[in-house]
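Heads up, there are several structures right after this.
Look at the two complexes coming up: subunit A is in both, with subunit B in one and subunit C in the other.
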Partner chain A sequence: MSAVAALGRLRAAATGYAQPAATVRHRHLSDRPVVFVPYAMSGEAFAPLAALVGDDPAAPHLLIVPQPRDRDRRFGHVADLAAVLLPYLTEWLAKTETIERKNDDPYERAVDAPQIVVPSPAGIEYVRLLGRSTRFRRTDGEYAVDPDVPLLGRWCTYLAERARTPGSSLLLAMTDLLARTWATGQSDLENGELAALLGWIDPDPGRTGAETAREAEGAAPAGPATDPKFDERLAPMIAAYDHAQRADDPRAGARAEERIRDALGGELMPTWHRMWRGLELLRELPVGASVAGRWEIDRMSYSLFSADLAKPDSRPQPRTPGAVAAAQQLVRRETAQARLEAEQLRDDPLLMAEARLAGQAFRGDIVAVEADRMVTEPGKKQARPRPLLVLRTSDEPLMTLDTELECVERPKAKAKLVAVAESAQGGTLDVRLELTGGMGRGKTPEEGSVPETGELLTWTTAAPGFRGGPKWPEPEETPWTHGGPPDPDGGRPEGAAEDDDDPGAEEPWS
Partner chain B sequence: MGTTDSRLGQLRGSLPARNHNARTVAALAANPGCARRGVMDAAGIDKTALATRLGHPVQYGQSPFAIVRGHAFEAQVKADGGAQLRALLHEALGVPESAVAEGAYEELGGEIPEPETEPGAETEPGAEAEPGADPETEPTAAAREPKRLGREQRVTLTRRALHRVLDEARSDTCAILDHPLLPLDVAGTRAYLEPDAMACLVAGRLHVVEIKSFSVLDGGADPGKLASAARQAAVYVLALQDLAADLGFGRDVVSTDVVLVCARDFSNQPTAALLDIRKELAVTRRRLTRLARIDDLLADLPAGLTFDPVDAEDQGDAGPAAVRQAVGSVPAAYVPDCLSACELAYFCRSEARACEGGHGSGGLVGTLGTGIRGVLGGIDDIGRALDLADGACAPAHGEEEIARVLRRAAALRREVLEAAR
Partner chain C sequence: MELTTPAPTPGPADGIRPGMTPAKAAAAVTDAVLADLGSGRHRGVVVDSPPGAGKSTLVVKAAAEIAGRGDALMIVAQTNNQVDDLLLRLAADHPELQLGRLSAADYRPGEELAALPVRIAGKAADLDGCEVVVSTAAKWALVDDRRWAWAIVDEAYQMRSDALLLVARLFDRALFVGDPGQLDPFATVDAAQWHGLTYDPSQSAVAVLRRHNPDLPVHRLPVSWRLPATAAPLVSEAFYPFTPFRSGTEKHERSLEFAAARHGDPYDDVVDVAAGSGWGLLELPSGYTLPSDDETVRTVAELAARVLVRRGTARSERGTNPLDAGRIAVGVSHREQRSRVEAALRRIAADVPGAGDIVVDTANRLQGREFDVTVFLHPLSGRRDATAFHLETGRLCVLASRHRHACLVVARAGIPELLDAHPSAEPVHLGLPVSFPDGWEANHAVLATLEGNRVRV
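Moving on, here comes the complex of A and B:
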């Protein structure tokens, strides 16, 4: 953590109110996101208990499972969820644009894409488990499920995987969004609970954020884990439901189910409202300049996944990716991470302040320009324009000479560090830069491409290029160091259909 | 001053007594610098009751659904003399089936766990630290349940069983000891550990078996739950090694490979894996040795201190203020991780947040997490750190550099936030 960020948290603790941790919003927010607040039964690997879901703050769908250990009710719940989510996830494919690609066929890209917001990273994990537990389900035979169930499973798997790509915004966690934007006077652990986090940011009238957050600690959790005290209330209701089922008393069963529904709805509703309040607060911030570019990649990813899903030979995502696929995925994520960090830094002066404090960037006025300087570089015949700039800064750049630099205010400009010296004015430094790029191809710099005296500029170390990764072998050519080619007789070649665990072993509790 | 025991008794007053278990010992390893916790645990104070008196009742518990699932899973694995367990041992340890098929199954718990008579007795669903409903808690008074064997009796039973089993160790038998009670010396006092697990003698070596109902999905488990299981298992292994050494066998008769039994994927079918806990074992052993002896902790406390002032003053309810003062006289080392490991955490947090060093409000830096402490170079008062950043106070000797960084950081923040407004 940087001292700049640390001060925000200290100030929040001292004043009782959240402080800015960013000056812009770094994630895309859809005009019409779907909010999804799930609850799972405690102690089970994955047993949905309830969910509030929908795109209308005033009209959430409340879906509940009166007996989560009942296999049929469990998959029935997923089918209900699919009825809400699948139309939303696919409607964006109706409006597309044709995108040309280098070395590849053109493809259709959706002009906008769906966005699902869950309360916390645990909610994203819930989506992943939802996908894992349903995408291999059979739609025929003894344990058949609704065809929408495995389909939603594949969507959920895709969304949860996509959420692991840094900067992607198809599936977002509210606590991440808020904690990225505001610093609170509590620890990361406590920030993980939406009610307390939002309490700091959006205090009740007449109370400080700290007070609101403390009171919110007794509130119903944002899930998917439930409050054990609530479970104690719920257990007899579920027992009553079971009793009615055994006694074959549909009226008593319906009554019991209604009571369970009321209890769960009451527990989930406060989180539902907090989710929409959080979105409202985030929308008040200006959006980062590079957010649209990252959303474009999300739209591409979404469109390509949908196209793959529509193919007749499309198969559910494997349990564990093969070696080649895993390596590709890793490189994609590393690239996305580097790109995200570089872009956020340039979008947000508060993050740039951290880089300036660390000596990785500096900001100041241009005090002198030698615009017509020409240099013949070694090995070159022609002299090229290499203007010299002198920038006066109170920052303390810690960079080696010849470091390549980029400018926030003039994104095209490239320069390298020539010298750093104490300035005539006490307490500041004069940084000499040689402009090396962004001036056009001519013998003289293009009009307006050389900064002028008096300009206030921020320079930072050049971001690494985002070129494609190395060439990957085909899965059949996986080297022995990585397990060798997938065994065609092993029954689990990459991407192939797989039978799930013996379904008979699946239902111990009913 | 009195003996250690009488001083601890005085501290406790009429508060109900509790004892260490594997989870509290594992938690001690997490925050060994906390004198408050050390004293409380040594005195066997029921921190749940104390937290309520302090006005910060513990907010967590254990879900009845998780308890039911934990019971059912454990019972299933142990059923029929451990039939499933034997198959799992064969699979996990890679020994021939014949080596685990036969052997005694000894129940050492003194009673078969029945959820109705003792709720939560053997449950460990998942590994969430939930001190509020600690399943390993000993009953406050053994006399209340006359049928239940006393702790020392159970330790004797365990010793005898262990001696017999190790004496008769043969490569073709697999003896299973269910619910052994293991003594462990913690900070000068004896703690009793009851593995929800078992000790199994396979091919002449003892393996601790932990049964957890969390699931292993596609070969991977939740790292938090796994780490917690490993820490607890390490405490059992340590206690079992001590006991084996005490009986005249080598410590290495106890394997440091623990057999972890979990549910597989989304089913309730058990699956087993070996967990190498050497690292956790070394950490636990080191921390226990280093843990300041309880006498040293007691020496620093005011004479006559008690956490139960009602009893001490014999004048009715002394009120939470007196209790707060008494608890406050023992220094704590609050960090946010305490919230999931110690019943007093909410009290300690409010105390740390209210702490003022003459530099304005904010409390202690530690309340914001351990990461931020590194940034502040040893300044632990939030008000003072802010005063240094704002140039409102002079840095002490040795603080010049961090004060300079803070001042620059504050100037940068001001510049950026004023421009953004």
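Moving on, here comes the complex of A and C:
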């Protein structure tokens, strides 16, 4: 934990109110997100029990499964869910812009994209399991399901995969968003429960956050796992429903189903309201400057996935990625992570404060500028402008000399750390920087590209460059070190994971 | 650190017999490796090398052997420094070889390397005709119009398997060399999704290679020439429980002598303890702190400076040398700690000339380096919890195996209690090879030895 994060938690614990952990919102929030609060039956690998879903806070769709172990009802539930979600997921494709690409054909990018918000990371895992258990279902023959079921499965698989990319915002978890923005006086584990977390941030009138959070401890959980006490209440209702089914008594069955529906609705509604309250609070924060850029990547990803889905030869995502695909995923996510960290730092003075305390950034006034300095670098023939800046700071830069630096206030400027020395003024340091970039290509720096005396600037270590990725081998060229090309017949050695995209493949729990 | 499967004990194939001298045992393994390379029976050969077991020497010998047969050879190293070091060794031992270095456009060779007849180019095509071409894995990944009969992959346990995937199309056969006990490669994002896949991209290159090619011969260098007789048994038992190695020297062959203590304070005491036993623990009072609290940083820097002030003399099978700043190193876990200890040493340098020249670095960057005396800050010092990062045995192994004479540790009291109170709670993943040794147990083994060499501040 960083010193700033620790301080925030200590202050929250001492005052009883959540403290800011960020000064801007680091994720995109849609104007019209869909909130999805699922419940699964306990004791089952994946048995949907209920869901509150919709884009209107005042009118949620409550979908329930009176007997979650009944496979027909289970896939019927997914079809109901698809009727709500699929139109929402695809309507954004109506409005697109044409985007040119280097080394590739232009493509149509949606100008906005869908966004689904679930209560917690466990909700994202629920979406992944939903995709996994439905995308291979047959739509004909024995045990056929509604065609929308495997289609929603592919969307869910896509969204849950996308959610693993750092900084993406198509599928978000509310507890992640809140904990990223506010520090509370409780542990990470406790922050995982929406009711308690929101209690700290948005206390009841006349109570502290700590008190509200403690009060919320007995509240209905945000799911997908249910409260065991609730399970005990539910069990006889499901038994009554089963009994009515066996007795072939439709009226008793409907009555039992209605009771189950009421019970589940009562359990889920508080979370539904908290979700919208959380969104309201998050919208009050100014949005980070780089958020739109990351949302653009989400829009691209969404558009490309939709285009692929529309192709006649499109197949469900494989159960496990091949060797090349897995390596690509890892490297892409690491690149996204590095980009996210660098961007968030520059967007948010509070995160920058952490970096400054850790010696990875510094802020101060420019006290001297040698603007017309020229240097001929080793291996170069011509002298280039290399202005020298002296910045006075009360921070303590802990970078090694020659570290490449970037400036928050002047995003184009690049510099190198030359020296750090005690300044004439006690308690501060004079940092000497050599300006190395952002001055144009001319023999003299472009007008206004060299900072002037008196400017207050923040410098931090340069973000890793985002060059084009490496050239990956085609899957059929997988080298011997990684098991060779995948066998199209699926006959791989023992223990080997295999791409299984047979639409009829049985899931272990189905 | 990982030993994906308990590595095979060297059998008669490697020709080691009880009672052999260390030199003979090591030579027997080298011969067996070279024989495997020459036999043409294997697509790959793996050589595990414990700390200081002569890995570079083996790489140079193998390179000469392969190039001597007329086979084109590429060498994959992990960092630019490693590439340069290898080229210097190759040029010194085998001046007859035409060497090439594939480099990024902004690479500038150091003075030593620039003086050698090594061809340096940004494109593989410009190095045609070189018998051995050396580069980093990252640079090799950009080559796509050449192919080599053989590759030597150095520090293969520190290479991630996705990096191997990018270069494996360039060679037909390969020798993989590395230390399985050092730090595993890491991912900056959660990689649990791929755990259990045989080609898990977050695992080391050797782990993936061996899961797909279980029949490849695996050799193990049996002697550490770096670690003294006081350290080899502990490091071997704690970090290489199934693949023991021994020290190349006996206790009486090395010694460390210091001038008489000036202050007689705990710093002097712990230096004297370490000079006698090879290990020393300077213990601060227990407390929960941030990673680089002032007291700890100051103590680490003071201790390193004290080792220098005491004007030690190191005597070994290589001769006698004064213990100057270049022979002392400080190891830490975090970059912030490194920066703060460096800054503290620079301040001390006003009173202790040379203190600013003591190498301070993180475990990751100390891998492969060697000093006479090391001072390290225990990764669990001042912590409330024992996370996987801090428990990683590779980190402790690197820190505890860089020295030829003595290793000093600075730690806050209470680490054994912390270990006992925080059993590892990492999720268990199906299909993931069991990794040995267990971090908890290795930590306790090291602490037990340090316990007997403790001085309290």
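Simple rule for what comes next: the second predicted complex is superposed on the first by the 490 of 510 C-alpha atoms of A that agree within 3 Å, B and C clash if a C-alpha of one lies under 4 Å from a C-alpha of the other, contacts with A are read in each partner's own complex, and residues count from 1 in each chain.
By our rule, a residue touches a chain if its C-beta (ideal position, glycine included) is under 8 Å from a C-beta of that chain, and two chains touch if they have at least 3 such contacts.
Treat the numbers as computed from the prediction; the structure is a model and nothing was measured.
S.K.: Classify the contacts of A:R356 with the two partner chains as first (subunit B alone), second (subunit C alone), both, or neither.
M.R.: The answer is first: A:R356 touches subunit B but not subunit C.
S.K.: Is A:A3 touching the first partner subunit B, the second partner subunit C, both, or neither of them?
M.R.: both
S.K.: Touch test for A:A13: subunit B only (first), subunit C only (second), both, or neither?
M.R.: So A:A13 only meets subunit B here.
S.K.: With both complexes overlaid on chain A, does A:G185 touch subunit B (first), subunit C (second), both or neither?
M.R.: first
S.K.: In the superposed arrangement, does A:T320 touch subunit B (first), subunit C (second), both or neither?
M.R.: both
S.K.: Taking the superposition on A as described, I'd like to know which of subunit B and subunit C A:R333 touches: first, second, both or neither.
M.R.: second
S.K.: Which of the two partners, first being subunit B and second being subunit C, lies in contact with A:T23: first, second, both, or neither?
M.R.: After superposing on A, A:T23 lies in contact with subunit B but is clear of subunit C.
S.K.: If you stack the two complexes on chain A, which partner ends up touching A:A45: first (subunit B), second (subunit C), both, or neither?
M.R.: In the superposed model, A:A45 contacts subunit B only, not subunit C.
S.K.: Between subunit B and subunit C, which makes contact with more of the residues in subunit A?
M.R.: Touching more residues of subunit A than the other partner does is B.
S.K.: With the two complexes superposed on chain A, say which partner A:E232 touches: subunit B (first), subunit C (second), both, or neither.
M.R.: So A:E232 only meets subunit B here.
S.K.: Share the list of subunit A residues that count as touching for subunit B in one structure and for subunit C in the other.
M.R.: 3, 6, 320, 396
S.K.: What residues on subunit C touch subunit A, complex-wise?
M.R.: So the residues of subunit C in touch with subunit A come to 43-44, 108, 141-142, 144, 161-162, 164-166, 168-169, 174, 187-191, 193-194, 196-202, 205, 208-209, 211-213, 290, 336, 339-340, 343, 431.
S.K.: Under the stated contact criterion, what part of subunit A meets subunit C in this complex?
M.R.: Residue positions touching the partner: 3, 6, 164, 166, 320-324, 326-327, 329-331, 333-334, 337-338, 358-359, 378-379, 396, 398-400, 470-473, 477-484, 495-497.
S.K.: Spell out the part of subunit B that touches subunit A in their complex, as residue ranges.
M.R.: 59-70, 72, 125-126, 130, 133, 213-215, 217-219, 263-269, 336-337, 339-340, 353, 360-363, 365, 367-369, 371-372, 374-376, 382-383, 385-386, 389, 405-406, 408-410, 412-413, 415-417, 419-420
S.K.: Where on subunit A does subunit B make contact in their complex?
M.R.: Touch residues, subunit A against subunit B: 1-4, 6-11, 13-14, 20, 23, 41-46, 129, 132-133, 185-190, 217-218, 226, 228-229, 231-232, 235, 319-320, 349-350, 352-353, 356-357, 396, 501-502, 505-506, 508-509.
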